[in-house]
Amino acid sequence: MTLHPDRLFPADERTRAIARELHRQTADLPLLSPHGHVDPRLIAENLPFPDPARLFVVPDHYLTRMLYSQGVTPGELGVASVRGEPSEIDGRTIWGRFAEHYRLFRGTPSKLWLDHTFAEVFGIYKELGPDTADEFYDHLSARLAEPAYRPRALFERFNIEVLATTESPVDSLEPHAALAAQTAADGRAWGGRGGKVVTTFRPDNLVEPGWPGWHDRVEALAELTGEDTATFDGFLTALRSRRRDFIAAGATCTDHGNLTAYTEDDPKAAAEIYARALAGEADEAEILRFPGLMLVEFARMSVEDGLVMQLHPGSNRNHNEWLHAGWGRDVGGDIPNATEYTRALKPLLDAFGNHPRFRIVLYTLDETVFSRELAPLAGGYASVFLGAPWWFLDSPEGMRRFREAVHETAGFYNTAGFVDDTRAFCSIPARHDLARRIDAAYLARLVAEHRMTDAEAADVAVDLAYNLPRKIYGLEK
Amino acid sequence: MTLHPDRLFPADERTRAIARELHRQTADLPLLSPHGHVDPRLIAENLPFPDPARLFVVPDHYLTRMLYSQGVTPGELGVASVRGEPSEIDGRTIWGRFAEHYRLFRGTPSKLWLDHTFAEVFGIYKELGPDTADEFYDHLSARLAEPAYRPRALFERFNIEVLATTESPVDSLEPHAALAAQTAADGRAWGGRGGKVVTTFRPDNLVEPGWPGWHDRVEALAELTGEDTATFDGFLTALRSRRRDFIAAGATCTDHGNLTAYTEDDPKAAAEIYARALAGEADEAEILRFPGLMLVEFARMSVEDGLVMQLHPGSNRNHNEWLHAGWGRDVGGDIPNATEYTRALKPLLDAFGNHPRFRIVLYTLDETVFSRELAPLAGGYASVFLGAPWWFLDSPEGMRRFREAVHETAGFYNTAGFVDDTRAFCSIPARHDLARRIDAAYLARLVAEHRMTDAEAADVAVDLAYNLPRKIYGLEK
Amino acid sequence: MTLHPDRLFPADERTRAIARELHRQTADLPLLSPHGHVDPRLIAENLPFPDPARLFVVPDHYLTRMLYSQGVTPGELGVASVRGEPSEIDGRTIWGRFAEHYRLFRGTPSKLWLDHTFAEVFGIYKELGPDTADEFYDHLSARLAEPAYRPRALFERFNIEVLATTESPVDSLEPHAALAAQTAADGRAWGGRGGKVVTTFRPDNLVEPGWPGWHDRVEALAELTGEDTATFDGFLTALRSRRRDFIAAGATCTDHGNLTAYTEDDPKAAAEIYARALAGEADEAEILRFPGLMLVEFARMSVEDGLVMQLHPGSNRNHNEWLHAGWGRDVGGDIPNATEYTRALKPLLDAFGNHPRFRIVLYTLDETVFSRELAPLAGGYASVFLGAPWWFLDSPEGMRRFREAVHETAGFYNTAGFVDDTRAFCSIPARHDLARRIDAAYLARLVAEHRMTDAEAADVAVDLAYNLPRKIYGLEK
């Protein structure tokens, strides 16, 4: 498997030549990763990665779900059962099963990312398959044992300028504290404000009273902050206090994975539901309403402390009940559904959508809103920006459709730039390269069709790859 | 009208050359037609086809609806009025009217199919129009009188391996019995298990209590099976009995054209509604709920007997009341509406979505669910596969959008391959050729953009055209 | 900034050559503008245009909303505050602010239209930006002072055959009366039946009882017509009377901007709600229901008087409350939402969808209905035609998606052709040229892929650009 230098560029030679030149101007720009799920311990501890199966396959639900969709169980792929049932523990066996089914990924982004990673990061220029599985396993294992493949060495080699992780308000932030105490070779601190690794404030598990363990987390929040979370005011004060801690740990953003984009500006109702939820008396409608009330509270806090909001609604979590019951959350069992933004966000936008100190980045799994709702909202409110195509849409065709549907109404400058959204650290360069190539391809088409000049396109390409995410996610200073 | 050998391939020469080569590898593969509406009497009786107008125009609502949309009434096209009003009976006059309006179909799949059929099946290489209408009529009439244009001769010439028809549980299956008793030149039986023509179990008119004649059909089901359909248990037993008969007549699949994808796993509620419906006491909500309850009952039966389920929701039947009142069902008056799958299918998938003996193929008329719901479901459940773009989406652009929206999340191997879904027997080769060309075009783009290798694409092309439908619709043995 | 002769054509040379030839055949056809918002006083009075900022920037919410989305307030752009707060009055300063932010429009239709207008209408072949702002302002100002840049001179130069404006039933139609009294150099009257400038009957502000000033307008309608609008019958009679006046002022169409496509055929209910609304007693549900009841009343009138209906649902007006409160209606604060047609239109179509004297043109801001609802409706009802992609979809990509999604089901002949829908008179040629180029590009792809012949495509191109709008909007006689 060699990586073709023109991969992902349009076939038409005229357009391809333009895309090639545009990509050349962004290919070596530093990587900004303002939204992701890498474990901060990885960089804080800088231990070697585990074996290839545990690095690449076991934790990546993009991969395990595809194999599962063809009958390979999570247990056969080494995913730990929540019921304590046995699951495969031999890395080489798991890897072999994966290699045997690698054909399922033909033409998918997962394969594009992996092939890029195998080649560019690990120097393997073959095609993974049953015949080469062991050779890959041995080669990867050998590399992973070398100092040059420790997380920090890769971080530097990948040219990552900032990597944001995601933590709950009840997370101790200890890995971030450790990172803040350490200085990299370039003189920048590994963590803390302006550091290379920063956190993101993600309060989902504190605003969904129906999520198992909610009462414990509300208690933990009280302990961490010394505030009395038995009242709604105390709860808000405690959250504000944690936001200050997160900002100290480098956070520039919050992130919100609500089921819907529903918002409501009614602190009194929020306080009442909070009290009823604490007492175990909230009904289902109240439990669904509370996160929407809290979104407006968080927007209020953002106006105060400057954290940029990110909203990712529309994922029906744990839809596959058999997977959920057997292997827990985040194993690929979520399914999107239609998501409405225009009416749902109006209360939040009425309150803060025109406020010069407020900024919200919207994502979606429902591409029908690209042209109908998101582009008009981003092109009509000073505070609204559009996040990169997310999850199932983080793909060549998904990104292309996003640009085609959004750009003509919202322009390029109301879009926030690429985020890799990944927990697969080694895939970060592959993901950014793919995004930069697809943007180059789209811009090249506009140039080839005389809808933009070369100079404009070059300017926009650099803005999309670097300047816009830097500015919109607050990474400038 | 000559058929250009590069038709439907991308204009870019690099991509076109790849598409041409990919198509070459699938062009001569046998045709599998696991989902269609050809009348089994056609093959069982092997009589000559009627005149060109009655063969091509009168029964094809794709054609009559387009002419109707420009003011030509069904009666002028020979469609029989349900009120006994006169309709055109002269074939040549009908054909002339059709030819006069053939320009309405410019660039549409209907025209691509017809032009292919005129040329490849009937050897006419001209453009149909007012000037050539009579010439076409004479030429086609002459051909249709020849033995080589009898249905079975065409069946062999078309290289059809299996053709599935669609019958209601109260259908006698007599034509299939006749077919099962006859052997083709290649030694295979014309009908029965493993035969060339098989049936499909489609129980829609038994699960919609509001469909006129429902009580009579429930009665007929009792007579056909000797079961007592006065109870819900007897109704289910009778359906199971008919499924065995359908399996004997070659069926490998069921088909379900519910209004929505709503499902509910509650046999007790199903029994209650059934009783109320029998008594004529079911209200509208119950009548709408019953098909969703029955879907889960049918899934239960599929786990037992291995029939593959197919679900086609989302068509608002007989929307054009004037057409419906005047010319009956299935004359082109149906209009789709938005269709939700994620929540609607959860009860069925909770029950059987991870069962190794269960398989369901999902279709849609609402392409907004391609990337948002269908691809994630097919890529997240072992039992779910995606059917070909259906009806209004069975077109070059519809197929392209399907691949672009689905493939990156579900891969190619969770899609079930092409089905022609047609009652127009002579158009079957044209439809399969079109689908194979569009898949070749899509794969060629992936190759040209270095997202797949040539070898992978060739492998996938053959899988999509032959191996996948053979396996997923249970035609392997 | 030079306008490339191949702009908006596909990059592939084979396809581009076909597109170039197709466009050549439509480029010089007269412009039909059957749906727009130019002020008729402009042509009636034929005064010089104001300064460049007031001509191009201040009234164009496509431009002001984009600048606002990046923090430039409407007041800074000279939009008048409804609260009497100061707003910028210096044209050159406004123009400078616009030029400074012109990069926001890179690749958007707004920039394509403006660059075309600067070059082709005003002879400026530079790129607008901070460095050239003054040069543009001086050049444009000088041109605007010349007689050749008066509205009527441009009207002739633009080769406009018919321009429709939009008026409320309570509009005096005085400018149209003035136009009807004047004859152009080509001997045609400037206004009146068959004139160059005609009106369109748009009753929105009379059918939304919740719209401020409704009672006054109902009163004004009584005064204008001498009918007693205190009863629903009188209201309908008055509207019929005004329709006759509009027809005398050249109207061939009505236009309806309802929030949804909801229709209901129940004159009795309409009368009751009307009475309650007059008495100030209508509740919110009734206020939302009334426009849908009135749509069927207007359809009934159209069957009588032949006016073609146009329906534009789905815009959530004045979504940005801060903009609305500060700068009023129509300043770019509207946001679309999902819009259902299949069920909503059934009552209207049951009543008139198959009537030979009824015609309705449907538009949408929700492109998900292109293939799912609109194309099947247009391809299934004799009375239904599809309007051009509207507003946020009036763009190269939006038009392309419209053709791709609609054409295969509805054909070309159930689409009504381009409408510019603009109040920016000077941009009319640019908008039509863009639409003709995109249609040429789409047709060229069909030809290059051997889905149509050259001759068919040339025929269709001319039909789309001229013959279809002429016929469908009733401009033939």
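We just call them A, B and C in the order they show up, numbering each chain from 1.
In this text, a residue touches a chain if its C-beta (ideal position, glycine included) is under 8 Å from a C-beta of that chain, and two chains touch if they have at least 3 such contacts.
Every value quoted in this text rests on a predicted model; they were computed, and no experiment measured them.
Participant: Note the rotational component of the Cα superposition from chain A to chain B, reported as an angle of 0 to 180 degrees in steps of 5.
Facilitator: Between chain A and chain B the superposing rotation measures out at 120 degrees.
Participant: Chain C and chain B are one sequence twice: same or different residues at the contact, by the over-half rule?
Facilitator: Homomeric contact, different residues on each side for the most part.
Participant: Where the CA atoms of chain B average out and where those of chain C average out, how many Å apart are those spots?
Facilitator: Distance between chain centres, rounded to whole Å: 41 Å.
Participant: What residues in chain B touch two or more of the other chains?
Facilitator: 10, 12, 338, 368
Participant: So in the complex, the part of chain C that touches chain B is made up of which residues?
Facilitator: Of all residues in chain C, those touching chain B are 10, 12, 14-15, 338, 340, 342-343, 346, 349-350, 353-354, 356, 368, 371-373, 375-382, 384, 404-405, 407-414, 443, 445-446, 448-453, 456, 459-460.
Participant: Of all residues in chain A, which touch chain B in the complex?
Facilitator: So the residues of chain A touching chain B come out as 4, 6-13, 65-66, 68-71, 103-109, 112, 127, 316, 319-323, 332-338, 365-368, 392-393, 395-398, 401.
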